[in-house]
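The following blocks contain the structures, represented as structure tokens.
Each of the next two complexes has chain A plus one other chain: chain B in the first, chain C in the second.
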Partner chain A sequence: MASVAELKEKHAAATASVNSLRERLRQRREMLLDTDVARYSKAQGRAPVSFQPTDLVCCRTLQGHSGKVYSLDWTPEKNWIVSASQDGRLIVWNALTSQKTHAIKLHCPWVMTCAFAPNGQSVACGGLDSACSIFNLNSQADRDGNMPVSRILTGHKGYVSSCQYVPDQETRLITSSGDQTCVLWDVTTGQRISIFGGEFPSGHTADVQSVSINSSNTNMFVSGSCDATVRLWDIRIASRAVRTYHGHEGDVNSVKFFPDGHRFGTGSEDGTCRLFDMRTGHQLQVYSREPDRNDNELPAVTSIAFSISGRLLFAGYSNGDCYVWDTLLAEVVLNLGNLQNSHDGRISCLGMSSDGSALCTGSWDKNLKIWAFSGHRKIV
Partner chain B sequence: MSVLTCVIESMGSSCSRPHSLNEAEAAENAKSADIDRRILQETKAEQHIHKLLLLGAGESGKSTIFKQIKLLFQTGFDEAELRSYTSVIHANVYQTIKVLYDGAKELAQVEPDSSKYVLSPDNQETGEKLSEVGANLDYPLLNKETVEDVRKLWQDPAIQETYSRGSILQVPDCAQYFMNNLDRLAEVDYIPTKEDVLHARVRTNGVVEIQFSPLGESKRGGEVYRLYDVGGQRNERRKWIHLFEGVNAVIFCAAISEYDQMLFEDETKNRMMETKELFDWVLKQRCFEKTSFMLFLNKFDMFERKIQKVPLSVCEWFKDYQPTAPGKQEVEHAYEFVKKKFEELYFQSSKPDRVDRVFKIYRTTALDQKLVKKTFKLIDESMRRSREGA
Partner chain C sequence: MRGEANGGEDLGQPRGEDREHEDEGEERQDGSAAHQRQPQAQRPAARPSSGQQPQPQQNPTPPVMMRNVGYVGKHRLSAAIARLDQELQSLQEELNELETMEPASTACQDVITSTGGKPDPLLPITSGPENSSWDRWFQRVRSSRSNKWWASRGSDFS
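Coming up: the complex of A and B.
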């Protein structure tokens, strides 16, 4: 029987071996990657997307939260938005009229994520309570205006950082957690259908921050983590990740599938966004800001979203900037943070409406803002 | 329908039809206004509540403080709650004996005088059996037979020898207390006492909170507190600490008795160094720029006993410590030295514009109810004074 010391030695040797293989792999990829999306597009003579500062305007400011906004989600059908705040509330807004339709006081105020169910009748939220709570918006509020929870999904051993319903399936939801796992839940029974990571090898080795389900193939989803990687999962095979994507140099705070479902974007604490090819694992493009004059640390990317065609990549930053990137040419076409009426603090979340006509941003300044495309171009 | 189109249309309509908004819109507006009113009301109602956040490394005593507050200022634990701790306490017994048994095996392999750590063959068999039980997450309840087994093992000289080396293993602080009470714990109608509950070690899963009023809520001028313990999160604090921006005070627990112990999560790391790093990190967080800090130098009772046997200087942070005379004076001298180190760290880690936030140090022994009560009385006074001054 091996002694503890021997096992420790073996472990160290194995780790060193994995690291050297990983480095060789990285070098090989670099060799094969002779260009990135931007350089190729420019070489092809692609014109930058024409964008004026007036093409995207802040048409609504949603006020009402008494604490920092942490998360938001649009309904797939109507133009409703649910937002979660450090004040311990979920608020449901009619985006067209900016009126509030529901305000739900949560049992655990430390909420970090919220999501709308595909039919728009329920909302899910989770946070430091390490659980995901589901509310049916049609339930009767009690005398004090409090809404009953319809289900609590427990099982995570750490905070719930993000949640997303499987498109077109009211009954299934995927969560990501500080316990390094993602979980697929059956909402009707409250059971965990599958656990991705954790005890199984090839799972994340640090807190998972974000998930994105591929709308073109809902069996696949990606997860971004503090271990600086993104992992691709097939929900039918929980025992190992399909692929791991390296490249970022810090926590991956946000992941989003590209509209065609073959690529996905990421946003990280390292200040960059990246575009990866799902199938090959190649890092197709890095979206990197100019360092500022004082050479301060780059602000972190907190959340990202693609326009409906994918030509635009929206990225929210910890310093309140909200860049609109030309995905193809890797250039910033607009900074919503510089416009009139912009947020006064960190952008913590953002999301595109399902018809692609508006972007909603949420901030630590306690507000949400809706930015609509105007002028000749309604939708990009 | 695109959002902007709707905005333009509704702008037009509200200008030209001030009196005849259709019913649905009116109802929607009324509901929204209602919600705004309710939010305002609820926010106002909570403004006077002092929010306190308990922070500290694992096993610094946060949960014990939390339980003490519950016992002191709330209705304490009712019978159902006390009973709910039975399985936890029994699990603690199995966990403890397993750590000791596995520890003895390991020491027997790596220590030069290994014979000290070898159990009698009979006890080895018992040890293997108990270790198996401890390996599952679903512990059975203790009964007369298992208690006999546990006691036999506990009394084996090899196990006692291992226990004396407890600081290099992960032997929980509650070990001695539970081993001394085995018979009572295994009684058929056992209901945990408050003291049993205070010693019990359970990992909370998320965040626990408790609202209390030291003077009683009915008394006028009685301050209301809400205490949060986020001890259950074993992950990246930086990802959620900012949720607590706006709390009135951080209560940071540091177990000063652990200067010679290693972390549970990483046995190469000294616990005191971990606490030092954590305190430094918390002090520098932007979200706590204006937050008061209460530093609890905890587990003083264990510190007192340990200082006689293990010099402070074994911890890198305290390596410049010079002992004076043995005995009671030494304890005070050592304590003042540690306190000074924390003070220095506080001022080093606080930017100039933060130096005037409130910072107080308290010597505590979380298991000592009277002391905790006294400490909270002091904190209560301090918070009231700072609120009046503000």
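Coming up: the complex of A and C.
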């Protein structure tokens, strides 16, 4: 084998080549960014979305957790929501009636994420135990009132930050982890089907915080990481990422596919949200808030969600704001954090109901809230 | 500074030449090794280092790295070089792709078109058809415990 000195030289040369090529790539990409969504929309004369003061209201407050809410997920069909909290519990809610249908005490109280199975019969959760636990909601509680775990998915070497079931597949789930990988699991056997990232493949180089599966093409998913990038994966090809998206200047905390399945949105510690084109890799828009009067650092984006048409982008921030962005014009049209009955703390998670009629927000104030449109609707 | 996202492997870091991603416990101390911009205090409590909690399933802590560069160091360097070469290859592929790629304006038009198509219950102006179940959040609901009901839709607010 070559000497260490020779290897170091080679390493330095390769690093220089990579950096140089990256720069060329960056410049070439910049040349292709002839416009962004906002400039393009304005040029077409598009009018911004305009809300009356009482159009979007908080119509439910779901109280019951005794700790910060960290994660939530809706069922695809019914009006149920599962939430995970610092109090070490999952709660399943009927959002319409505000009633709790299940309260599940977890073995590991440090839960960070939860998800509903497509058929609404199971929930999954994960966190600092580096595992993903599955509960069948139809199972009987034991003598102490505890619900048995039906499966534990082990294998990650770091915390489980996010999990999502593959749409229409009760048996498959994707997790993201602090161990820098994402994993596709078979829930029935508990086996890892594929590992995305890790030592050799073109994986993330820091903790992965979030995943989003493309509902239009469930073979594709994106992951957001503390390495400031988003990567696109084809679940059939674990050996390398299909594409890496650069632009953010801080941890990517949240990723969500745009409803058309060809774009995705991101939210980051750098205080911005972005819209990327999946196929080309172009950064189509940056959603950046105004700095405050004291020029303090921008609050981080913790979580995002699109309305069902994609026209609205909801973004929760670490300071309790929940901006409603007009996706096309890149303007903030409402701040749910300023409305009556808004949360008293950071918004940690957001989720849109499957029919797009309601947004659920979860907060460090221990509550979840449901927001819906109560104004006059004009149908064109 | 964009940390590791930019320059691939950087073994010249003050942490020591032998240490790379293998030192997972330490690398993830602050949950984002690649980003020194964000002060530790700003990180949400939901993401403390996985290395600090009892982890029955984790591998035992790797042995303390020897300061002497030896066989272990060469292997790491070779692996890092292999990764860089792989990255060079995919960067070149991407550069080739860009030669014939359409500009952003094409995708921008697609974004505008796609948002126009679908009825959206949260928009004040939206395409139809309207679905009456959109307003279920404001209809009278009988729960087994109480007769809760919520204010009816504001359609008669002037």
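Convention: the second predicted complex is superposed on the first by the 376 of 380 C-alpha atoms of A that agree within 3 Å, B and C clash if a C-alpha of one lies under 4 Å from a C-alpha of the other, contacts with A are read in each partner's own complex, and residues count from 1 in each chain.
Basically, a residue touches a chain if its C-beta (ideal position, glycine included) is under 8 Å from a C-beta of that chain, and two chains touch if they have at least 3 such contacts.
The structure displayed is predicted, hence computed values, not measured ones.
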*asked:* Once chain A of both complexes is superposed, is A:21 in touch with chain B (first), chain C (second), both, or neither?
replied: second
*With the two complexes superposed on chain A, say which partner A:370 touches: chain B (first), chain C (second), both, or neither.*
both
*Does chain B (first) or chain C (second) touch A:145, or do both, or does neither?*
first
*Is it chain B or chain C that touches the larger share of residues in chain A?*
C
*asked:* According to the stated criteria, A:96 is in contact with first (chain B), second (chain C), both, or neither; which is it?
replied: both
_A:61 in the overlay: touching chain B, chain C, both, or neither? Say first, second, both or neither._
neither
*asked:* I'd like to know which partner A:228 touches here: chain B for first, chain C for second, both or neither.
replied: second
*Should A:358 be classified as contacting the first partner (chain B), the second (chain C), both, or neither?*
both
*Between chain B (first) and chain C (second), which does A:87 come into contact with in this model arrangement: first, second, both, or neither?*
first
_Tell me the contact category for A:105 with respect to chain B and chain C: first, second, both or neither._
first
*Identify the overlap between the chain B-contacting and the chain C-contacting residues of chain A.*
4, 59-60, 68, 70, 79, 86, 96-97, 99, 110, 112, 128-131, 154, 157-159, 161, 178-180, 206-207, 209, 226, 251, 355, 357-358, 370, 372-374, 378-379
*Given the complex with chain A, which residues does chain C contribute to the contact?*
2-11, 21, 24, 28, 31-35, 37-38, 42, 44-48, 50, 53, 55, 57-59, 69, 73-74, 77-88, 90-92, 94-95, 98, 101-105, 107-112, 114-131, 133-138, 141, 143-145, 148, 150-151, 153-155, 157
_chain A residues touching chain C - in the complex, by the definition given at the top_ = 1-2, 4, 7-8, 10-11, 14-15, 17-19, 21-22, 24-25, 28-29, 32-37, 40-41, 44, 46, 49-52, 54-56, 59-60, 68, 70, 79, 86, 96-99, 110, 112, 128-131, 154, 157-159, 161, 178-180, 199-200, 202, 205-207, 209, 226-229, 240, 243, 246, 249-251, 258-260, 262-263, 269, 275, 277, 280-282, 284, 300, 302, 307-312, 318, 327-328, 346, 348, 355-359, 370, 372-380
*In the complex, go through chain A and note every residue touching chain B.*
3-5, 57, 59-60, 64, 66-68, 70, 79, 86-87, 89, 91, 94-97, 99-103, 105, 108, 110, 112, 127-131, 145, 154, 156-159, 161, 178-180, 206-207, 209, 226, 251, 353, 355, 357-358, 370, 372-374, 378-379
_chain B residues within the chain A interface of the complex_ = 1-4, 6-7, 10, 25, 28-29, 31-32, 35-36, 38-39, 42-43, 106, 109-110, 205-207, 230, 232-236, 239-240, 242-243, 245-246
